[in-house]
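Two complexes, one shared chain (chain A), two partners (chain B, chain C).
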Partner chain A sequence: MQNDSRSQKIVDIIQAYARRHSLWILAYGTGCGAIEIPSTMTSRYDAERLGVRGAATPRQADVLLITGYLTVKTLKRVIRVYEQMQSPKYVIGFGSCAINGGMYWDSYNTIKMLDQYIPVDVYISGCMPRPEAVLSGFGKLQDLIKAGVADGPKRYEENFDWYRANQKKIIKNWNFADYNW
Partner chain B sequence: MEILQYIFGGIITFLLAFVVGMTFGGTRRKIIARIQNRYGPPIYQNFIDAFKLFSKTSAVHHGAMHYMGPAFLMVSSVVSLMFIPILRDGGWFPNLNFHGDLIFLLYMMVFGSLGMALGAGQTGNPNSAIGVTRGLAQMVGYEIPWIMALVAMMIQFHTTSITGLMDVQLQSGTWNLFASPFAFVAAILASLGMFRYAPFNIVGAPAELASGPASENGGKYLFTMMSSHSVFAFVKLTLFADLFLGGAGNLVELLIKTFLLYMIPVLYGVVNPRYRTEQAVRWFWGWPTVFGIIAIAYAVWST
Partner chain C sequence: MDKGKRFDTIRARIKENFVLSQDKIYADKNRLDISVSKQRTPAILFFCKEQLGFIHLMHVGIVDWIEDGTLELVFMLWSPTEKLRVYIRTRLNRENPVMENMDMIWPQLNTYEREFKEMYGIDFKGLIAAEEFLLEDWDGPPPMLRDFDTEAYAQEVFHTRPGREDAQDVREAIIKRSQEEIPDFAKKYSRQ
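Up next is the complex of A and B:
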């Protein structure tokens, strides 16, 4: 059924409202940042009042939370998890390790800039970011969704060759199992 | 003309069940949050979640049976809903009841879980398979006291129809809660397992099984499962209100009764951790089954 532009606009407004008030996170707890997630979710900061809630599997999640450094070995899993998520999907890079390598800037075994490999919507800086910073990061993501610029899957699709080339540069033994997205 | 009224009535019944079930689910999340000393999400949070899940743009599937699993759940919920008298005097709500619909309902209520088990099997996810086996084990546990309670009621009042049991309560002037108290206790204890809230949330345990049978279902599949669970919660609560609390004369009475019944599994759940599978089955074969046996003996003795 084809909507005309005016009714489509109303649907878009409701969809954007629902999407930004119901963010189910998949916390990919790679580094030390994972320890900030429980304190964000529990009684002191209570992220659930903003609609932020943990999801159990990539299929159900909306937000992929990369908490901390990513080793070369885990990057493969992160890519697979990201590709298994259902769009619209968002990525939050968490802590300075995801931004520029942080204290692992000269490590041989970690990646430095996360947005070379998967499209990141929001970065939360800090080492580690406190729960206030995490909540403000979620607020920023909500603003981006409202403005309609949190379009990670679209960017990933458009620049797919560039992302794949970067990923393959890091992952030498590229033997992904077959799966349909 | 009559068929149109049935169709509209069915749609209205479904919408009522959906809205009430979703709101009860949101209330449950709020109550759990308050008990954990959190502020908690708004009561309408489940509607936002449902709409978001529905508006996901991509939906991966793993084959025909995976499509049909959530659909089976929905079919089971809606068909069960159509056989439950919502109000005593019917009114706008159609009721497809016949003699023996209680026995039919016993089968219909497990049909959705079995369909979901088939759907979960095709996803190929090991967590789903473990969740399904746990769910079937738990079903073996709680179905025994539940069926014992219903059989006791059937023996005591010589009827296998839900409206028949409601008429019995209307004529005698007492609720079945007082006329057959042991059956009520057995059925309520079995309902703790039927709702699958803690401590019996062993099927979809998020921390152990990654939500079990639902683990490969995102987006619209999860929306279907979520809404069918909400409708099914309403079905179970209304069935309990009909069988034991004399049904409801109007919607306000229905909401009060179902909400009070809903609080039993919710409040039992928030203060309990999760059982292991064999602990859950042992629990159901303990006191609930004893109450079921007493209920049958009481029914045979009192007739």
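Up next is the complex of A and C:
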């Protein structure tokens, strides 16, 4: 197929259709929010009918689900996991702790704004969000994919220095591998 | 034999061997509190475990007495045969908290000591453990000490999302809206 703009548009539509109906999630259950995932996945709410299901490893996953608060220690692992995931990849921040620190707003070891460190596509508010809210968040993510604006990896790549500077500001002992982008 | 008598016996046996700075029986709470110097602490823990049957270390607590300039360690022991508790308290200098390693008495003390080292800066001489336990990449002062201002630290280090500046007390906001009055017992918790 010729790589002209019209045919590319058709490819984009098909890609977005396929992507938004197979969101495989990697649940990073650091906080209390992980307890809402089983009820979202099991028979009553049955997220799998929307194409949402669990993935075993970062490389197989499309969505990184950050359920709850992140400490400096766990943020390190999240960054590593995020960088291991293959594009296209999306991040959902889950619960008020990921949004603004929640009840840990004055903690010495808990980050307060997840989007300063990795690009976040959708935030789900609540403490904790009920499965309905989680499904609504996934619906929102599907809409963003359809509209073509869920471009986290692109933002991460373009603003890589800014993200890295923020990450290095709180992770003092930096011993990550340097990736080639 | 009733509880008070059993406690008296235990106290007498401890007093034969150790000089106690303070001791008190709380028979209703099923416990005997004794305070000893830091040098005698390992010996008295050994004595309680080997001779008196307090074989179970329930918990180790720590209190930061900033007014007295001391850190108080509380070793909470339980005897499964006697069904009694003994709390052994000892105080360390807050400026330079040093203590011997005691994880040969109960191996689980190792975990407590690692945590105290990180969170309160207590130096356990001879402790064999990894450098980092709960806090990674931490180069500030021990964060659980009372003079550590956690809010100021968080404001300085982490990005804060705007929008919480006008956060209101939920109870007061609701009461204001519904034209009620705060009851007297709740007034002392008021933010205004």
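Here is the rule we use: the second predicted complex is superposed on the first by the 174 of 181 C-alpha atoms of A that agree within 3 Å, B and C clash if a C-alpha of one lies under 4 Å from a C-alpha of the other, contacts with A are read in each partner's own complex, and residues count from 1 in each chain.
The rule is simple: a residue touches a chain if its C-beta (ideal position, glycine included) is under 8 Å from a C-beta of that chain, and two chains touch if they have at least 3 such contacts.
Just so we're clear, the structure is a prediction, and the values are computed from it rather than from any experiment.
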| item | value |
| --- | --- |
| Combined model on chain A where chain B meets chain C, clash or fit | fit |
| First, second, both or neither for A:Arg59, with chain B first and chain C second | first |
| First, second, both or neither for A:Lys76, with chain B first and chain C second | second |
| First, second, both or neither for A:Val149, with chain B first and chain C second | neither |
| Once both complexes are placed on the shared chain, angle at chain A toward chain B and chain C, C-alpha, multiple of 10 degrees | 110 |
| Partner chain in contact with A:Ser87 - chain B first, chain C second, else both or neither | first |
| Which of chain B and chain C A:Gly101 touches, first, second, both or neither | second |
| Superposed arrangement (fit on chain A Cα atoms) - minimum chain B/chain C Cα distance in Å | 24 |
| Chain C to chain A touching residues, read off their complex | 134-140, 143, 148, 150-151, 153-154, 157-161, 163-164 |
| In the complex with chain A, residue positions of chain B that touch it | 29, 33, 36-42, 45, 48-49, 51-52, 55-60, 62, 127, 206, 210-211, 214-219, 222 |
| Chain B-touching residues of chain A, taken from the complex the two chains share | 14-15, 17-19, 21-22, 24, 42-43, 46, 48-49, 51, 53-54, 56-62, 84-88, 180-181 |
| Chain C-touching residues of chain A, taken from the complex the two chains share | 72-73, 76, 99-101, 105-113, 116, 166, 169-173 |
